[in-house]
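Written below as structure tokens is the structure these notes are about.
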Amino acid sequence: MASEMASEMFSKENPIFASFMVCAGALALKMAVPVFLTIYYRTTRKAFANEEDVKMADPEGKKELEIKTDEDVERARRIHLNDLENVVPFLVLGFFYITTNPPACCSTTLFRVFTGARFLHTIVYWFGIRQPSRGLCFLTNFGINIYMAVKIIMYYM
Amino acid sequence: MASEMASEMFSKENPIFASFMVCAGALALKMAVPVFLTIYYRTTRKAFANEEDVKMADPEGKKELEIKTDEDVERARRIHLNDLENVVPFLVLGFFYITTNPPACCSTTLFRVFTGARFLHTIVYWFGIRQPSRGLCFLTNFGINIYMAVKIIMYYM
Amino acid sequence: MASEMASEMFSKENPIFASFMVCAGALALKMAVPVFLTIYYRTTRKAFANEEDVKMADPEGKKELEIKTDEDVERARRIHLNDLENVVPFLVLGFFYITTNPPACCSTTLFRVFTGARFLHTIVYWFGIRQPSRGLCFLTNFGINIYMAVKIIMYYM
């Protein structure tokens, strides 16, 4: 039976896995948001990081564009980097966590809370809403990752 | 039969999985390229980010080296960061995507196009080839990740 | 039998997988260390990256805080980024590597050496211990990732 469980673990029949997959897909789409913001603000503010990008925006060198940074571009990039630091580990740890046969209700809630907190994090970060709102979103995500890592170690040790 | 499928999903018998594994390995090796470039240019240009690295290059403090940045080092680092933003999500999403039983021909093509576009992206980025060549490589990678995320959500929801 | 193997591959019964899971959990917890260091030094040194963080530390604008960088914060962030560049690929590649049915003793040793070298890397990096100690830790991690990528390609090609 354990073997049967394992073979169906990574399929639609496992509601925990299905719930995780939906959250993972939603988080991947959310990670596209800072990418769009970066591209949009790099283009409109003419804040490019590479010579060849400057040349495309100003092929004849008339506008005297230079490589520069822009606060909104940097903010979008910080959101993106924060996603790399939290969402990508979640995608991996969540998947590993599923192999520990966690209780269904508890783990699907965990995945949804993480996903909700991450969407909120991006909104709060982008609009610079007063702290500690961003801190709380971050701590929710961070805490869930830590929790899953501890559970994985306890189960497999 | 569904169960039988699942048990062989992550093995050599599944041509989609085998194709994905080869692409994943190739992409991991490609990610080593900006690492080598960074190390090479940090050493030859004496552009170090840490005091202890400066000390190794100049143990007696005679050359008066200082922490500094170098444009080629920064370019190599931007390539590396871009890989983290695109290749790592692909490795995770591609694996999840395989569990949705996608059509074989379509998905192996998807994996190969992603891999090819990423190799091109590094070449184009490193040599600063005129835009929009880098933009097109990036959009190919980005689009494939978005496509897989949408497919995963649609299958598991 | 191949099918039976596969169905039990991602379970406690597979000692290679169990060993990998413990290492993965430990590495995820280790990745929390630079996060705590960043938060601690950002707060004590008042080195914030966002306007809203400055406002929380100085709600009435009396202390005339400004957005600034701090060398210890930057060092903690470089540790974190280095983890994203090496640990996250390891978590993915190690998992893929397990599907190639590697010899048990060899692969558990590989996982443990990677984990040990990464813990050392953080200690050595944080305290700025003289080079090439950090370089050697890094090369160990980097080499193991390259080795696994090559093995994955050879097995599935």
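We just call them A, B and C in the order they show up, numbering each chain from 1.
Please note the rule applied: contacts are C-beta pairs under 8 Å (C-beta built on N, C-alpha and C of every residue); 3 or more make two chains touch, one makes a residue touch a chain.
Here the structure is a predicted model, which means the values were calculated and not measured.
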Query: Can we say the copies chain A and chain C touch using the same residue numbers, with more than half in common, or are the two sides different?
result: different
- prompt: What is the size of the turn, to the nearest 5°, that moves the C-alpha atoms of chain B onto the matching ones in chain C?
  reply: 120
Message: Using Cα averages as centroids, what's the distance between chain A and chain C in whole Å?
response: 17
Message: Multi-chain contacts only, two chains or more: what residues does chain C have there?
response: 4, 6-7, 9-10, 84, 88, 92
Query: In their complex, what parts of chain C are in touch with chain B?
result: 2-4, 6-7, 9-10, 75, 78, 84-85, 88-89, 92-93, 96, 99, 125, 128-132, 134, 142, 145-146, 148-150, 152-153, 155-157
Statement: Within their complex, chain C touches chain A through residues 4, 6-13, 17-19, 21-22, 24-26, 28-29, 31-32, 35, 49-53, 55-56, 80, 84, 88, 91-92, 95
